[in-house]
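Below: a set of structures, written as structure tokens.
Both of the next two complexes hold chain A, though its partner changes from chain B to chain C.
For the complex of A and B:
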């Protein structure tokens, strides 16, 4: 028949428009039109080709820093999310404490990373003789704290916000608290976990980058941005900024993929 | 093999030439249910001095305007709501004992399907809770889905079905564990007239095949008359039983019965008992 699907056309357009905008931005950047608009020069805002060249030339150094940052971000994300989930389980099991306890916990999220990072560095100074490990622990703790809060509050909602009558249904089959938890609350919580991760995955990268600023040991993508800006090596700094962006995008992409697989069949 | 035989027996057609068993299934004596007032004022009386006897295999409807306590009465029988005073006896036992023996099948106002489970696995859920072996479960699920005419939708997820189909899955699930008593709380109130009429006929067919006692809550008089053996009319403030009306229409019933003068007569009788409040 050769009939065109109008939805498909719409979907392609929804990708093409932003991609086109990015291309226009990139061209105006490379042709220095952007510099004229912003009133800056190629020293402060190096050209894309130059940034790309630096990334290629220093790829092995950059990869070492990427690995260091990723270890911090992912470990912190994992520990924080697991801890947050367990706190939510606890809050659900003890409803009298649950709500208030989690409200207190979310007050923690109001404390800026910039304030926590130096404190953590200070607190962990006796953890190990190796400054790399000492710093790593401090950075992971910062990331963990950020991720715990978002997971605990969201997972708690996932355990509590059940569809009307779904608990009655369980009860009518003589299901006890544990069965209700296993068969109803845990699966009900699934989409809320992803809601939490959509916040905490980007947050874990940002916290990892920022906590590197205050760490004792000099390593990581975030720290390299700072070091190179201090040394006025803006092109190298930009290479690390782009790297940081790519890390965030790739991790978010992985999350979206995982969500599509895990929440298959559910109405989103 | 034994399982199959039991299922065949279960689905033997009911013979309406024989008199309906007169054994008492549910006996309610002086039942009162009060809800405490949140601001510390007088408690709200949801049900006051309800007395009712329901016979085994009977299709009985609770009819009344909102606030008359019909859902509360159903929930009290199901042991989902505690009685403040009075007594409910189901087969000589307490509602709690009957609930723990898993003898109730409940269909709620909304289908209450778990959206992370396919249709098959939703119907399967109560059997999982009972620890039924997997082989028996699979056979039973197919049987139930066939009964409600949804066999080919087993692999679908709930949101892929229409409201009427979802409610039918709910009915299949309620029947899956062979409950002795089927409690239905306005199961069709959210559906359009066409779907409703179809499901009414389906429900009567299933009831005829399974011989359960059915307690059906509704605010729709026509619906109650079409389905029931007896109608319990309830009135609000406080919730109480104001009349019990026999529906002596022949069975099996078809849609055409709604146009007979006998049907209309019973509908107006029910309506008059409201006006008498």
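For the complex of A and C:
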């Protein structure tokens, strides 16, 4: 008990400090102190209450957009991560090709989403007669590309960066490549998967939002942000920006929770 | 302990990284958008030698395809209603959205159709590859690219036809001249002088469209010289003809009836999620979006307007430099602004941060926008004032391919 307390206290404080800061920020925003500091007005940076009102008034419309964006982000994340993981397995199985191939792949991650998105929209025109479906495919492909790279490079490191001598130890037990892979490499890779996901979960949301800009079918949180900014409806745009942030935070929170559960017992 | 620290470090890096990605993306969006449209609109200037050959190949292909089949498109002479209904039922009506869609929605409603439309890119590839069968086009820009076979054109010539928003009674007024209401109040002489010189520029440009096109090209064109010349000829028609096809001799005049029609259609088709803004839109009157007095006094003045309160002013265009805005470039080039004591800086547009925001925030003094965009901005809380209406009729058409 005596040992646990300071740890718990530290933990509570580590939540309290940022929460307190957020509260101060929110209060100074609502009371327009923030506007004076930033030299802006309530039109460009609308008050939180107004943003919240818009979110409440349009909750059903917003949920439709959230669903559309989440389907794209999650499907793309899943497909991209699986593909990335398989690529890492392939690279581990073929060590001569592995490193170079993955370096090539990471070059892909340097291609901006805004460049890929319109290309994908054009490439998927024949996929379906329903613009909603073909737009969704195009958006998922964009998200998939972004997520593949981080998973493949990280998972590859997870397969390769083993604890010193552990591989030799396995070999001294006369373990074959497959056994080493199954018993050593795959478990070793687990934390690396979460490292990859910590990059690709926020990235999947961002690429889903941006790819909506270029999609043929008009739907999604990102598209709404753009429409409202162009129409100078900043309060509404902010409502969708906050929605996008919430989506990102919730997904990141889920990931952290999953990590805590999955990697329990690994941490000492 | 070390390990935990390490993890927090990693977390911090991840968060930083994602913030950085977000920031890069957000800052990139506008630029990329602008860049993309440059490429598209431009499909013409230097680097396009290869593009051009590709484009022409595509065009010949498409044309020969169209020539072989007799049925997939519309027969010349079919009535507007049947075309609109057919395209709407197939879900193949295209528009760019982002505040450009209201006339198309009004037309769809007129023929009892749902107001949904496909998001059209800033090129005409969607029209070319038949994913859009009724595509939005401006008479002075995209329509020229579809019909003509100069650099960047698709060369459809007379194998396409179009539906005119003016003839359908759903026209909304487009390119105007506006500033902040407070700016006009504080700087009446500047505003009048700017209107006077600009309209003089428009008058000259419409009298000499070829020369005007060359002037615009000189000031940094986003499109080829030939397309610029085509555009000048078409813009002249929009500036000198009203929605009913009657000639207009007074440049920049605000036609009450057309303005009211624009406002009425805007109230019906601009959908705002913000209830405060929606309420304001519903109650908006013409007097809250335009003032005719500055234009009237400027045009009656013969250029004697007194010293401008602010001599150095800037104007934000709605789009990239092109003959769409030739009046301002001509006024600058011919020294009309100098004559009234103004030093004018023309700022081209094209990004996602609109001209209404640029004027509202004081980055520029004047702006060119569509009346519907000004209405939406004022409903959202800006206090913008239209001071002249340069385009007297809608330049938006819906273009379709003809069966051969």
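Please note the rule applied: the second predicted complex is superposed on the first by the 263 of 268 C-alpha atoms of A that agree within 3 Å, B and C clash if a C-alpha of one lies under 4 Å from a C-alpha of the other, contacts with A are read in each partner's own complex, and residues count from 1 in each chain.
The working rule: contacts are C-beta pairs under 8 Å (C-beta built on N, C-alpha and C of every residue); 3 or more make two chains touch, one makes a residue touch a chain.
Because the structure is a prediction, the values reported are computed rather than measured.
Aligning the two structures on chain A places chain B and chain C next to each other without any clash. In the superposition on chain A, A:152 contacts neither chain B nor chain C. Measured by the number of chain A residues touched, the leading partner among chain B and chain C is C.
Contacts of A:198 after superposition on the shared chain: chain C is touched, whereas chain B is not.
In the overlay built on the shared chain, the residue A:183 is in contact with chain B alone; chain C does not reach it. When the two complexes are overlaid on their common chain A, residue A:171 makes contact with chain B while staying clear of chain C. In the superposition on chain A, no contact is made by A:124 with either chain B or chain C.
For the pair chain B and chain C, the least inter-chain C-alpha distance in the overlaid model is 11 Å.
Put simply, chain A uses residues 267 to touch chain B in one complex and chain C in the other.
Contact residues on chain A toward chain C in their complex (touch as defined above): 43-44, 50, 53-54, 57-58, 61, 112-115, 118, 121-122, 125, 130-131, 195, 198-199, 202-203, 206, 210, 213-218, 226-236, 239, 267-268. If you check the complex, the residues on chain C that touch chain A are 3-4, 10-11, 14, 17-18, 21-22, 25, 28-29, 32-33, 36, 91, 97-99, 117-119, 121, 125-126, 129, 131, 270, 272-277, 352-354, 356-357, 360-361, 373, 376-377, 380-382. Looking at the complex, you find that chain A touches chain B at residues 163-166, 168-175, 179, 183-184, 187-188, 190, 265-267. Contact residues on chain B toward chain A in their complex (touch as defined above): 75, 78-80, 99-102, 104-106, 108-110, 112, 114-118, 125-126, 128-130, 157, 159, 177.
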